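For reference, the structures are reproduced in the following blocks.
Consider the two complexes below, in which chain A is the common component and chain B and chain C are the respective partners.
After this line comes the complex of A and B, so read on.
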């Protein structure tokens, strides 16, 4: 009798990766979860005591945390929408074989390889009262629109949302371009023979077949948006006041006060939000995917 | 013999990779001393040119290198606490003395430096001592005082003189405002607005003894901030500067360098800061004419000035691998020729006898003669409330910016909110009395 071979590599090869993943991801998450139920404090690092759900009760009773949560959700949903729209638009424009499209693809992709800190510092200079934006508006005769963009909630939040969308649209463009290139030309030809116009072809052939790319783009954008930290930290540091605090800056704030248990609890809430929303979105989009 | 491309690449790689080895061997020979290395951590804004020069010279002359970790100021305190608690502290740690002696339990974490030769030359031993032992190597005997820095040319151009009464101060601000100059500049960095209050709280209480008594009671839960209604006066004064339009509109986004720029260019006339900040402005605008005066206020009839009997200092971790070298480094830095280098471009008051602190500007000497020699100095309140140093930047200092920008808090509201923060912070720490 011939022994049936599995055709897979031996499972033992997974062990090194599993070890690293466990050490640097699973263990810290479990430790964070454990500490979130304690009164762990930077002044008493060796003696955390169990306190049940008190840290969670406290953060949910804190108006700054609730504001942070709302800001995080606003940031994540709006940047996901903008990054997806801009990314798709750029992909549709640059999928065509026109001279210089390689250069444009590189230019649009470039911001996402830069550090968020560098971008934050750069835009902080652009958005100040005497910055490039207000000077530009002045030159265009629109000086009356000029303002200190980061000094009030509305314009500060909008600025952060816009900058994040600008940074990552190029990355999403690349995913959409790969998705568009994977669509077999037969479908388009059949639609063309059937008399479908450009718009009909886009909405009834291209978009449904792009759903797998949407799944990747939306899931990554949402998870990235919910975990925002550097950009907010550098641009507004959660201000003015506590207006633009997000969950990660809130957690960092608790950490900086030495309230390590509370900081861990805020991180666990954030992790739960990221996992839940990403999982639900992913599941919904997967159900809409079409087999090629 | 056939030479393959592989052999060429191998030889080139061998040569390239050997260069650092030979190079380091050569420098060891030049110095004639065994290469040694210690580690240190320093706050980003305090990695002064003078300090860097001291380290470069020590490497060249003594072959002792310092592996320097430069950390952003706002993360610094937590990082040294965590490193010390987890046994990973660097050999030397920079922070203000005496503050650091309250942050760490010196007997547990720090090396006792009392027997070191240089301690005999310390001008202000009390600043670096705890329980009768010396635990820090300071650079300054005092960091100076907090006062109003002003652009003399702007004052002259607008026909105003240094005010000596609160009424004159208001009149100066009004005249400057009418002249199209921003009377007072404020930076968005959270540590800047708080200078008004750390100075004001001490001045309004009137003496070091009263301020220390207040701090002791507050920190041991024997009194609340609201038991001291006089603390509202400096806050009211600060908030009124915004209401009257004396502060710059962009105080929420203009950073400290922007303030230096506006003051230097004459777009603003005054900035409430310290001697160290005045040094920075002079360095940025060497051709400028700047002065300093004690801001006259209605809440301080004694005309006191708040000062900072503290200094950037290095403490030695008990976890230091090569303690002998670390102590040798401090001895080298304490030599007058080395210690004087620290003051390059930043004149100040040296910590050790025989050290040249550079030429202090005339206004610094004037204030020194009038206030320091005249016994009219009170410690800034941050020193008395050092136990709250990791709480305030993310709470109280934010309120100082939030209150004028939103108009949502009175002086009393700020104090009540701060009291709540203190209660939670101290209770969580299980501090005595809480």
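After this line comes the complex of A and C, so read on.
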């Protein structure tokens, strides 16, 4: 019977998905891997020659690549921390009964449905030398703090990190709110009866039970942060200098210069970083989840 | 006691109001800016326009090819979403219903795709080899391929919860595979179809990199690329840039406000299951 059952659902119906997915997701990875060992470039697209680890040696000897790697990690870790913290903070505030609760949630979630391009252009108007932020600082008598935020060393990276965190905090807020609502009220009651104070209840009851939500939030934020492209490309295009250059913009830059082998090698390194970090994070967080 | 509660509520409300400014202020600046004259807009403040320049919008629509961007975005998004749901849905149902090693192997194969990052140079070369570089088809294929892991994963887990008796009854009644999938299972799968539709629409509509890398022509530009190109050309005309931003954001915000419940639920549940 079981055999017959399976037989009714023809595997042919998986073929279109298998075809599209394999051809446009898996094949490029395999090609990238192969080409990353060759001297492939735009002038000789059809006859790349095997060069071993040359591309990898080249990019790892390139200070700009090392810089983009460090920037990618800095960006991914700090935005993950901020998005998690802001998301949790907003959730804790909005889980309470407060007037306008629904409106606040709607507002904080709004940037998640907009594109990074649109948000990037909008923030250019705010952060430019004569922009809204500097004008605001002037009004507060803090004009000396003003600068061209996206073209100054240091503040460019900080700005991009802030904008990414601003954009996605509302998303994490919703996941935390769902997590908070799923905590059974008896746990809180027991803690109350045992005389645990507000802070103790938060750290010893709420937080441990929220770990599944943390797993989702941290894994997603990290994966998104490591893959960052649009926001950096639109806001700073890697500048000033190479101050905000990340791995994806590096790969695109090499690609635009026709250095396809190096671009492929950079993409492969990024893929390895994403897989390794996601895997380690997931394992660590899963091991800390408490069974309800 | 009641008084203390009132006070803490006021503090909470004030705090939330202060945080909202971070979200509201950019929107105010943009909306006012879109109606200002060039000299006024470049001052970047929150004062209302002295005289509303509605002609800014006419200019942007005419020069900025905004409508063309919308046309392309609507086309690409609807075709990619339809393809994702049909192809991914059929695969998900089949994988979930079959109980053999092939289908569980396939499941993990697709699942693996979640961690894959876009390979710029190799994809470019692949599209060249297939002779579809720069065509709508290439973008649709890439979007659909990118959505497969998530769609198949969510369909598979949802179908597990649908009793097999339903299938068996239909089969006994003489329904074929196609009728079973489209007329009997699909209606039951509405919630998961809705989730996937929403997540796919949002991700394709907002996409920028695939279009920039592989479809970079102003004629085929989607709304995301259009606004980026427009900013490149009119970077000093902030009144126009603001008007273009409003035209890009407003429809999305209206749809968001209208379907908010489904969008938030769809994106969140998608994330939690993913």
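Operating definition for what follows: the second predicted complex is superposed on the first by the 272 of 292 C-alpha atoms of A that agree within 3 Å, B and C clash if a C-alpha of one lies under 4 Å from a C-alpha of the other, contacts with A are read in each partner's own complex, and residues count from 1 in each chain.
By our rule, a contact is a pair of C-beta atoms (placed from the backbone, for glycine too) under 8 Å apart; a residue touches a chain by one contact, two chains touch by 3 or more.
Keep in mind the model is a prediction, meaning the values are calculated, not measured.
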item	value
Touching partner for A:255 - first (chain B), second (chain C), both, neither	both
Chain B versus chain C as contact partner of A:167, first or second or both or neither	neither
First (chain B), second (chain C), both or neither touched by A:91	neither
Partner chain(s) touched by A:209 [first = chain B, second = chain C, both, neither]	neither
Touched partner set for A:45, first chain B, second chain C, both or neither	both
Contacts of A:13 with chain B and chain C, given as first, second, both or neither	second
Chain B versus chain C, judged by how many residues of chain A each one touches	C
First, second, both or neither for A:246, with chain B first and chain C second	neither
Overlapping contact positions on chain A, where the chain C interface meets the chain B interface	45, 124, 128, 130, 255
Footprint of chain A on chain C - complex, ascending	9, 12-13, 15-16, 19-20, 22-26, 29-30, 33, 42-46, 87-88, 90-91, 93-95, 97-100, 102-103, 106, 110, 113, 115-126, 128, 141-142, 144-146, 148-149, 152, 164, 167, 171, 177, 181, 202, 205-209, 212-213, 224-225, 227-228, 231, 238, 241-242, 245, 248-249, 252-253, 256-257, 260, 263-264, 267-268, 271-272, 274
In the complex, chain B residues that touch chain A	74-75, 78, 81-82, 85-86, 190, 249-250, 252-254, 258, 390-391, 393-395, 398, 401-402, 405-406, 425, 428-430
Complex contact set, residues of chain A against chain B	39, 41-46, 124, 127-130, 148, 150-151, 237, 239-242, 253, 255-259
Touching residues (chain side chain A, partner chain C) in the complex	2, 5-6, 8-11, 13-14, 16-18, 20-21, 23-29, 31-32, 35, 40, 45, 90, 93-94, 96-100, 104, 106-118, 121-126, 128, 130-132, 135, 166, 171, 174-175, 178, 216, 220, 223, 227, 229-230, 233-234, 248, 251-252, 254-255, 260-261, 263-264, 267-268, 270-271, 274-275, 278
